[in-house]
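As structure tokens, here come the structures.
You will see chain A twice below: alongside chain B first, and alongside chain C after that.
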Partner chain A sequence: MTDSTASDPAAEVLARCLALYEDMSFSRVRRWKEAHPGGLAIGALPIYVPRPLLEAMGCLPVSIFGGGDQLDVIRGDSYFQSYICRIPRSTLELAMGGQLDVLDGMLFPSICDVIRNLGGIWNMLFPERFTAYVDLPQNFDRDIGGRFYTGELRRIAAGLVGRGAKPPSDEELRAAIRRENSRRRVLSELSALRRREPWRLRASEAYLAARAGSVLEAQEHEAWLRELLAALERREARAYDNVRVVVRGAFCEQPPLGLIRTLEAAGCDIVDDDFQLGLHFIEGDIEEDSSIDPWTALSNAYLDRGVATSSRYIGEATKGDALIESVRAAAAEGVIFAAASFCDPALLDQPMLEAALDRQGIPHTSLKYAENSGQFQVIREQAGAFSDAVKLWGSAA
Partner chain B sequence: MSRHLTAGVDPGASTVKVAIFRSNAGQDAELLASRVQRIRRRDVAQVVRATFDEACAEAGCTDRDFDYIASTGDGDSVGFRTGHFYSMTTHARGALQLCKSARAALDIGALHARGLRMNDVGRVLSHRMTSQCASGSGQFLENIARYLGVPLEDVGALSRQAGTPEKVSSICAVLAETDVINMVSRGIAAPDILKGIHLSIAGRLVQLLRSVGAAGTVVVTGGLSRDEGMVAAIDEVLAEEKNKKKKQHADVTLLAHADGILAGAMGAALLGAYRVQQLAERQAG
Partner chain C sequence: MSNPAMTQSAQLEPAEKDQSQIEQKRMIADHFERLARAKAEGKKVVYTFVPGNLTELIGALDMLAVLPEINALQSGMRKKSAGYIAEAEKAGHSEDVCTYVKCDIGMLKSGNIGPTGTKLPEPDLLLLSYTGCFTFMKWFELLREEYKCPVVMLHVPYQTDGEITPEMREYIVRQLKDVVIPAMEQVAGKKLDMRELSRRLQLSHRAEDDLVAVWESARHRPSPIDGYFGGVYYVGPIFSAFRGTEDAVRYYQMLRAEVDERVRRKEGPMTPDGPAGEERFRLVVEGPPNWTSFLDFWRMFSREGATVVASTYTRVGGLYDKGFRHSPDEPLESLADYCLGCYTNLGLPTRTALLEDYIRRYEADGFLINSVKSCNSFSAGQLVMLRELEKRTGVPGGFIESDLVDPRYFGKANIENRLQSYLQMLEARRGRASA
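On to the complex of A and B.
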């Protein structure tokens, strides 16, 4: 046992999560494939893919968040213009460098034009690999969007079966939904703890814990999360007089961990966020009842209980109301809009969300990042000024 | 209203500063104790604790007596803090404590320099910081002093003895350091080199003041506020601008206070007291 684990009961599980976060060679996925001969590892770009479907087919869903701040992008840059965000470049760089060879297929959800184009480029570069565009419906009527979406899911499933995945029985799909619900309940418990006692679990730590789910099956991830929860109960932590903030806009290309830590060091308790949104994209449980067709259950969950985020074409008032509700529920004092540079969905929604906050007198500030941002002085300055202004004067700087 | 006992702890890049006050929500403040200690490659958290304990001993109090212990600067190394304030805010409040009529401050620290303008309660209205380049910082000056074999505390006095200061690059610390090495090999006297460096940094600092729209009294804070050569050089650059009748010259008067280095810690302690009152009022509804 190291000194840090002796003094902090959560240190060991968090160190494991950090190791997974930093592992750009996806060794965990390689090990999973060795342990599951014939199993397919299927990568998925943000924001959302129905992970239970993949697990029910004996596949390991692997969330791909680009190359982070550990990767020099050279070849990937030649495929995208300079005014495009970084995640597609670094994802291509990873692929061309062989780090993603462990994946048997890749899913590109319909988030924005860039991810769609990345899917197209991927198809041309790696024609031998399974590639599917996940066309998430924008019509939320069950008879229209629902029928379309279940058709999409069956199309993707058929494609995977063609690559050797096992056809999912209804019972297996329900079991996978149950495992996913169970994992997400623990994630919700962690979120609740962070809201209640943000000093006990920092946002940067919660981030790592959630991120481990990128390369773990739901059941194993849940076990890690439960281990963390138990450790946090024993953790001796001191409450600080910080400002409680909600972070929005970081749902696709992820901010570097250093940025989240910078916000914390500036005196902010991040009590709600949309980092790695896919893991908590559905509000509440997906229906598990045996009387409901599990394909329909997956579809209904997406249609009826998907979070109000930029990739969903819903009224701006709905998104504004949802943000204000999040602020109230988390007892937050302000909002930090942190969007990846050139992220169209986040940056297009931001003015409407800001206006909604202004109408309620909720202070906010905004900043931009790239997944490889390495200098945080400007952000520290901005977040520090914001945090102090909210704390002392009750309004944004 | 009961008097609040608060402390400000300011771990910077090279020194730890602590100030302990008794005040009424930050007003009518009485400085009970203060300490400055260099870190010198030691564990920052340990230096913080030792400096804080020394200040507490002088003030005759312990951790438990405080209404608020506020960190500023590297707050993570102050595990026993109640809360944290950003250094810009604390330097503004600290500057106001050092000079009530001041509406601007120039914080010159080891790694960065920052110009800021504030209102009469210390709320920052505008601010600007030096860029990533180290040539506007105390660390740079410390490096130069080491090259010259001059103790840091003698730098200011030596600089003031300069006859014909040598001009150095004001753009980049690397180029400036190369300049200095060349000057040493050309036999230029240390005071002239140091004054040249001071003037180079001063030029950047005056630009900062101009860009934030500073006017009236500007309190110099941070570690370099103790460097009399630095302050004299800023005054010189300001006077030169004024004489040349530059359209956008900074119309300011510098105030270098003996406690300028403590401004961050002082501001943190006073804002902590303000915060205690604010939270109490909020709780009372």
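On to the complex of A and C.
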């Protein structure tokens, strides 16, 4: 036991999460495969894929967030123009370096042109591997979009069965939905704790805890999260006078951990964010009831309770309402827009969201990053000035 | 996302005008006049996008279409886009994103003066047909903030594997029946007459036949058309407000006859400097053109005797040369197939196969990718396509970078140097082959 573990009951579980975060060789996934002969590990790009379906088929869903700030991208760069964000190039670098050999397939959800075309690149460069595009409907009528989406789910499932996954029974699918709900309830508890006592669980720690779910099955992830929750209750923590902020725009390519920590060090308590949004994509539980067809339950959850984010059509809703609601629910004092450079969905959304915040007098600031950004001095100064202004005047002026 | 030309001003056109060009000019002028009178005459105006446009439906409901992409590219050609983009960036739009969107927003903020110098009517409906490009959705969300008018979405699934499944078709048809048409009827204040829709689809079919014959003419040597720079003029009517009209049928008959005549006389295409000289290079081009220096860009090719025999950009608003035609017998199903088949709605392997086919079919000496900064839908993956095409065909590829309507990203000297080196390489290769 290290000193920090002795003094901080959460240190050990957080250290485990950090080790997973830093492990670019996906050794945890390799271990899972050894323990589950015949089980498939299926990578998934952001934002959202229906993980319970994969688990019900005996597959391990593995969230792929590119190479972060730990990977030198050389080959990947030669496949993308300079004006394209970084996540596709580092993901390709991982594949070309063999780190993704452990995966038996990849899912590319329909969130933007880059991820969509990356799926096509995968088809061309790795034709022997299982690749599927997950075409999430933008029509949210159960009878129209829902029908299409359940068809999509069955098409993907059939493809996986063709690669050796087991066809999911309704009961297995329901069980996987229950496990997913259970994991997400603990995640919600952690989020609630972070809002209540942000000094007890920092955003950067919550980030690592959620990120562990990238390579763990729902049940195991839940166990880690519960362990963390219990440890946090014992943690000695002192309240400090930071500004409470919501972060938006970081739903796909992830900011480096250093950036999140920089915001914290600059006096910002991140009480709500859209990092790794996939885990939080459905608001509330997916229906578990045995009277409901579980395929339909997965589809309904996406249609009815998917979170408002840039890649999802908002229909008749008013742009920015969901963000304002989040600000209020988190009792936040301001919003930081943090988007990956060249991220079309985030950057095209931003002016509309900023306008909505302006109408409500909610202060905001914005910054851009790449997953491998290493210099945070400018961001620290900007975030520091923002938090000072909010503290002093209640605005970013 | 990027789109084709609907030309207005004489200075933007090839030196000598064919009859078809004069006809196209008249059609466009008429359309803008109708738009100018729309509000006074109680006509409803629908803003919509080129790929996946439902022009026959709009026409059958007696509404008028405005295509913001075309306004943007027109602004680019008329050297107004830089100012509009600056306006949008000043209002908080990122320098990283699509310049069509920023150009349109800037134009709106500057009074929404259209290509003919008159103010464009505000939309009564934003018809968001979501084909091939995610930015469309954001674009109309942004416009909705400005206009506060209804938006109706048609989500078109992506053809990842180059195949239209019954589920995809059914999904679109259901949306058309239950969501899109009712919303359009409500705005139009009238019911859709299916016979009128079918009649228009029949007209589309006829125009499409003639357009395909025009594309096919490029198999001749010399090619009587330039399928990229000239091609953007040819697709003007069919990609925009005229598909499904008698005007379009007449235009494409005229165009086809002119092209046939050039074939008979063994003439090459018209260029910005008059009739083309000797055809030295036959090229296939992938990616949209640059609009801010369109004629300069074209001249870089035409002055070197390089003719584009086929391009993918001219398939953005509809891919007809693989057999698809709108069908009066299955109106909604054929609209669905049309939307699904637009070029950027095809997976990269299908796009690559199409280019490979063009390179072989049109006996191209080379292929060139113009990668535009604005458009991830086109651009992400083009470097993989380049390698793959070289491998499959043995034909060398060239790669240049520019933008749609942001002049800051059109490096004339750089592009010209690259193009010339590329053409010299093709020449040297040809010399080695014949030695």
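Here are a few things to note about the model shown:
Following the convention adopted for this analysis, the second predicted complex is superposed on the first by the 391 of 397 C-alpha atoms of A that agree within 3 Å, B and C clash if a C-alpha of one lies under 4 Å from a C-alpha of the other, contacts with A are read in each partner's own complex, and residues count from 1 in each chain.
Everything below uses one rule, namely that contacts are C-beta pairs under 8 Å (C-beta built on N, C-alpha and C of every residue); 3 or more make two chains touch, one makes a residue touch a chain.
Since this is a predicted model, take the numbers as computed values, not measurements.
Once chain A is used to superpose the two complexes, chain B occupies space next to chain C without a clash. Applying the stated contact rule after C-alpha superposition, one finds that A:Gln377 touches chain B and leaves chain C untouched.
In the superposition on chain A, contact of A:Gln350 is made with chain C only, not with chain B. Using C-alpha centres, the superposed arrangement gives chain A a vertex angle toward chain B and chain C of 100 degrees, stated as a multiple of 10.
Once the two complexes are overlaid on the shared chain, A:Ile121 sits against chain C while remaining clear of chain B.
By the touch criterion defined above, A:Asn242 lies against chain B but remains apart from chain C after alignment on the C-alpha atoms of chain A. Of the two partner chains, chain C is the only one that A:Arg147 touches; chain B does not reach it. For chain A, the partner touching the most residues, choosing from chain B and chain C, is C. In the superposition on chain A, contact is made by A:Ser341 with chain C only, not with chain B. Look at A:Gly284: by the touch rule set out above, it reaches neither chain B nor chain C. Legend: residue contacts after superposition of the two complexes on their common chain; A:Pro167 is shown touching neither chain B nor chain C.
Once you line the two complexes up on chain A, you'll see the smallest CA to CA distance from chain B to chain C is 19 Å. Counting contacts by the rule stated earlier, no residue of chain A appears in both its interface with chain B and its interface with chain C. Residues 68, 75-76, 79-89, 112, 123-124, 127, 129, 132, 271, 274-275, 278-279 of chain B touch chain A in their complex. Against chain B, in their complex, chain A makes its touches with residues 238, 240-242, 265-267, 375, 377, 380-381, 384-385, 387-389, 391-393, 397.
Taken in their complex, chain A has these residues touching chain C: 78-81, 83-84, 88, 110-114, 116-121, 123-125, 132-133, 135, 137-139, 141, 143-145, 147-148, 151-152, 155, 310-311, 313-315, 319, 341-345, 347-352, 354-355, 368. Listing the residues of chain C that touch chain A in their complex gives 91-94, 96-98, 101, 130, 133-135, 137-139, 141-142, 144-145, 153, 155, 157-158, 160, 167-168, 170-171, 174-175, 178-179, 347-349, 351-352, 371, 373, 375-377, 379-385, 388, 401.
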